[in-house]
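Structures follow.
Both of the next two complexes hold chain A, though its partner changes from chain B to chain C.
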Partner chain A sequence: MERSEEYIKNERKQDWRVALQKKTKAKDRMSIERAIMAETPPEVRITSQRIEVNTGLTKEQALVEASRCMDCVNPTCMEGCPVSINIPKFIKNIERGEFLEAASVLKESSALPAVCGRVCPQELQCEKRCFYVEKLHQPAIAIGYLERFVADYERESGNISTPKMLAANGIKVAVIGSGPSGLSFAGDMAKLGYDVTVFEALHEIGGVLKYGIPEFRLPNAVVDVEIESLRRMGVKFITNYIVGQTASLDDLKADGYKAFYVGSGAGLPRFMNIPGENSNGILSSNEYLTRVNLMGADSEDSDTPVLRGKHVVVVGGGNTAMDSVRTAKRLGAEHATIVYRRSEEEMPARAEEVHHAKQEGIEFLTLTNPIEYMADENGRVSQMKVQKMELGEPDASGRRRPIPIEGSEYILDCEVVVVAVGVSPNPLIPNSVEGLDVSKWGTIEVVKDKMQSSIPEMFAGGDIVRGGATVILAMGDGKKAAKNMNIYLTEKYLVN
Partner chain B sequence: MNKIVEKEYFSEKIVKIVVEAPLIAKSRKPGNFIILRVGEKGERIPLTIAGANVEKGTIDLVVQKMGVSSTKLCDLEVGDYITDLVGPLGKPTVIHKLGTILCCGGGVGNAPLLPIVEAYKKAGNKVITILAARNKDLIILEDEMRKHSDELIIMTDDGSYGKKGLITQGMEEVIKRETVNECVTIGPAIMMKFCSLLTKKYEIPTVASLNSIMVDGTGMCGACRVTVGGKTKFTCVDGPEFDAHQIDFDEMMSRLGGYKQEEHDMFEKFQK
Partner chain C sequence: MKEFKSINDILDFAINEEILAAEFYTALAAKMKHKHIKETFEQYALEEMGHRAKLEAIKNGKRDNFSDAKVADMKIADYLIEVDEDKENMTYQEALIIAMKKEKSAFRLYSDLAAAMTGEVEKKLFLNLAQEEAKHKLRFEVEYDDNILTEN
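For the complex of A and B:
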């Protein structure tokens, strides 16, 4: 929910907050070192896809870390959060030992705290705006670690709270896609009293949280608990249903749905269109990760096969590339290698993921680009020709443009190649809805900050609008859309 | 969960099942397919819809026992449930009144061909259907095809039924005899390849429906990519039907074997 500056200031003046502020001197708070997240040792975690890398803070660590927070008069950290979590309030609740209260603060703003605590790039958001970073040039409060601690604490306690809900207003809204954007939207609309149904094309709820992000970074069980919370708030889920195909938008309107939120994600994987790329053994990161994460192909009892090889090469430098190459290691690759055309500095992956990958023995060939694949007599890839690159002037993305070095080509062995060079928007909704404005890239056009499309009752957000972003930005869009759809529906149906 | 309400053996290895799926029965069009999954550890497999009954809310699927997943599906009985089923997927067949249409089916390809034959006939075309198989036992849906075709020709490799010879021989006879405005071919990739080579020689526009490997079926995985006219296309969202003369069938056949070893190993384990 939106909060005014005054509200935040008044909350800060509550007795318990004031008492905490007085309890410890600023100098003492500043002298504490930032908590270090415990990790499963690399040699242990690479033996299974299902061992989580980060193991979470202990209660003692969380209490100490929370006491570092200055409870700033002007909490800039909140400006860095796409879903505007009341960060000082939840952290100060940790400091006073009220962990469950801290969890309910998170839930005021976020439908998926245990997810965000694990996969958000906090170092670029809240933590980047932390007083410690901006004013002291010291390590930020570990806001992400604390968020995860609180969400995990609540889940493990069994006392999972349901956020405050307004009375039901009987208005039906449909959500298309059950990824982070759709779930965030669904949570906010349920709180506002709407009758929310989420339609999902796959057989599992969660979208990229289930098919994309691996178990070692985000266990499916954690996602399921957050989905269960939404169910308890009255959100309904229908799997195996493709809006526009299984039934049309008009069919849903006839069923009483008054408005729609499209969060159908970035479906289509991009390839590089280089010779030999359709050889067997070369697949998209979407296919590779879906086979393992959604279909469980890493385990013996799954009917879904996955390709394994001695030399697995992953092309790309984003988080998906890191997820893929680390998955390859866990599936037994002797050499799991990243091939990336720019240098490590330009990699879009989180520094933490690159660091973890290196600990796990992932090999990095940066400033290197594939230009051709060679297959064996069975059509299976066996080698790739790569070319070395150097960095030139910055391009449109602001990063230095990679330029091929003539005559630098050489050959790499590979039995499996995973292409992780980005995705394009899923075409199913843009193709099946008449009158919907779509950009030349296939993304749905929306009024910025409102998330409303050219069809007034249809809102959209996440990768289907952005073309490829993060879980938290998708969630932020869901929040914005909920706020604005509520205004739209209130004017249309609730104000007499 | 979708209940199986009827089951019929066309042959030892080919089974027709009728499944409750009321929304899909209503929204499906000729050429569409579905993805289903048997069991909580099941694989997602694509199957083209062979027919539907809107009143009963059912769709027809024809399955050939090949590996683990198709065997698990074929072993389900009436009253059992399919764990997950989603559709209709893919672009439907473009049906126009064109004149004479030559519909060529091979093996279980006859199943997805049936609704297309029906639709072309209904649109006012003269429909000549050729069904081919190794032997008599493998010719399926003959009566249904006859009902919707102006002429039905059967070809068997061993001559045990209809005429002896390959499907292309039957096709060439028709093409030499009368003007064919369009050809549709659905069957094993190798058959479609040779059908396509033949019609290219006679410059007859031809459509082939591909059965690529898929995981999600919604454009997400790219396992189903195929080269058409020199460009990479996704069978699930750009197809499953393409201009046959533009398809790189050799690449397509190679890609169908992309998981051959893994599938073989799994089937061995499954049979034990």
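For the complex of A and C:
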């Protein structure tokens, strides 16, 4: 939602906000310690893929944490949020006990607050820009924890507010892909009165939220509630339907669809291209996590030996790598190890995930890079050769790049290797649609902030435009696209 | 082994290598099925033409020589397997691997030639040419590091 600075300032001057500002002195707010999130003990949670690690703040904790927030005149936290959630407004609503009101503030800007509260890299976004961090060098307000608290409170209360819907206008739009980007787009378009159908290649709706991020971080039930509310808004979902294969875009046009939103994600795994990489037992994180998350390969009676091993090595340092290695631990690996060619500081994974992984006994080999895999007589991977790296001098971009240390090679045992070194955009739509501008990385080119592609009736966003990004950015793109597609369709079909 | 009678001889050899490299990328571009990869190889061909122009300027005395700054070697290309150059549907990652390996082999060629030279001036020139190739390789390695080795 767009908001002027003036609007934010005026909101801050509302009576109830002023009363709260006066109620507690800044000094007293500052003396409160940041809330600690309760978590399931490591030895318990590693027994199942479906036990959530973080268990949420209590009401009392949330009230206290909210009272730490200074309700800053210039809330820099909002600048750190990619979709500019009105952070002080939602937090102050918590402080005064209006949790449902706080939830509706979140929903002005974010379609999936219960998801973002759990998976956003807050320490790099809103919390990094919090007054406590920037000026006081103290731990930030736990904005992410509070966001999760409010969204969970609303869901559990059963009082989920239904958004205002405009009258149906009869115009059909198709969404390709049901990840966070497609879902947020679908919600906004449904509110505007469009007849929205989401086509999804897999049998489950939710994209990475379902097939990628494991339930110990994001329970499916949380995502399902959001999908249910979209259904209630009239959004239709068609699964097992690959646009570009089951039917072409032209077929959909012939069916009456007037515009398209491509949110098909970046689900094409990348490999390293090193010798031995096609041995049995080496798989992409994408395949590994999909088999466990969507196909129940973690259950005891599932016949999936390929996924289990005493030594499981995961290559990479992102969220995908952390999710894979922690999954391996839950599947019974004695040694579940991360091998990453850069240093720990450079790991793109959320800091909390690295912390939780360590608690769970995950081993970390940083500044270490695989250079070859060795297989046994059955063609199954049994060892990998790795090389130690060191960081070189900072280059023109200021980045210290890893450089191999000559003669530092050694051998690691491994029966399962999960490669999590990045993903590429799903190529089907970019490669099959005539006239669609595509970058050299295979991402769809769009007009920035409008999300419109070189084909006027086709908009796109999320990972298919950005390469691998984040849930909140994917969602933000969906919202921008909905706003601009509405303008496009209104001009074309609704004003006469 | 090829004989080099003069400094200009060596530069002509190197200029020809750049022309061959440009032709190689142009041919790959023509073969590619998808526009964005076609354009990538066309871009590489243009870069080779740029290297050629630089060498010609040096030959014509319009530019004084090479810089002596040491070039980092990230050695990314060293451990990767060859890409099948007959494929028509290469990915951007494969395009970069081809380019890194090609610059690496040019670097090796000039380093070997430098070692084989007896005259100091010729030796120095080949070493300089090798350094130029190392720079080109680093440019591709940095792109690979920034865009392909991006774990998410």
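As a convention for this text, the second predicted complex is superposed on the first by the 482 of 496 C-alpha atoms of A that agree within 3 Å, B and C clash if a C-alpha of one lies under 4 Å from a C-alpha of the other, contacts with A are read in each partner's own complex, and residues count from 1 in each chain.
By our rule, a residue touches a chain if its C-beta (ideal position, glycine included) is under 8 Å from a C-beta of that chain, and two chains touch if they have at least 3 such contacts.
Just so we're clear, the structure is a prediction, and the values are computed from it rather than from any experiment.
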item: Partner chain in contact with A:Ser248 - chain B first, chain C second, else both or neither; value: first
item: Partner chain(s) touched by A:Pro404 [first = chain B, second = chain C, both, neither]; value: second
item: Touching partner for A:Gly332 - first (chain B), second (chain C), both, neither; value: neither
item: Partner chain(s) touched by A:Pro163 [first = chain B, second = chain C, both, neither]; value: neither
item: First (chain B), second (chain C), both or neither touched by A:Gly193; value: neither
item: Partner chain(s) touched by A:Asp395 [first = chain B, second = chain C, both, neither]; value: second
item: Partner chain in contact with A:Pro275 - chain B first, chain C second, else both or neither; value: second
item: Overlap of the chain B and chain C footprints on chain A, listed as residue numbers; value: 273
item: Chain A contact footprint on chain B (complex, rising order); value: 23-24, 26-27, 37, 39, 41-44, 68-69, 72, 83-89, 215-216, 218-223, 225-227, 232, 234, 237, 251, 254-255, 257-259, 262-263, 266
item: Footprint of chain B on chain A - complex, ascending; value: 201-203, 211, 239-242, 245-248, 267-269, 271, 273, 277-281, 283-284, 286-287, 290-291, 295-296, 301-307, 378-380, 426-428
item: Complex contacts: residues of chain A adjacent to chain C; value: 270, 272-275, 316-321, 340-341, 347-348, 371-372, 387, 392-393, 395, 397, 401-404, 420-424, 430-431, 438-442, 467-469
item: Residue numbers on chain C that touch chain A, as the complex places them; value: 34-37, 39-40, 43, 72-75, 79-81, 83, 91-94, 97, 142, 145, 147-152
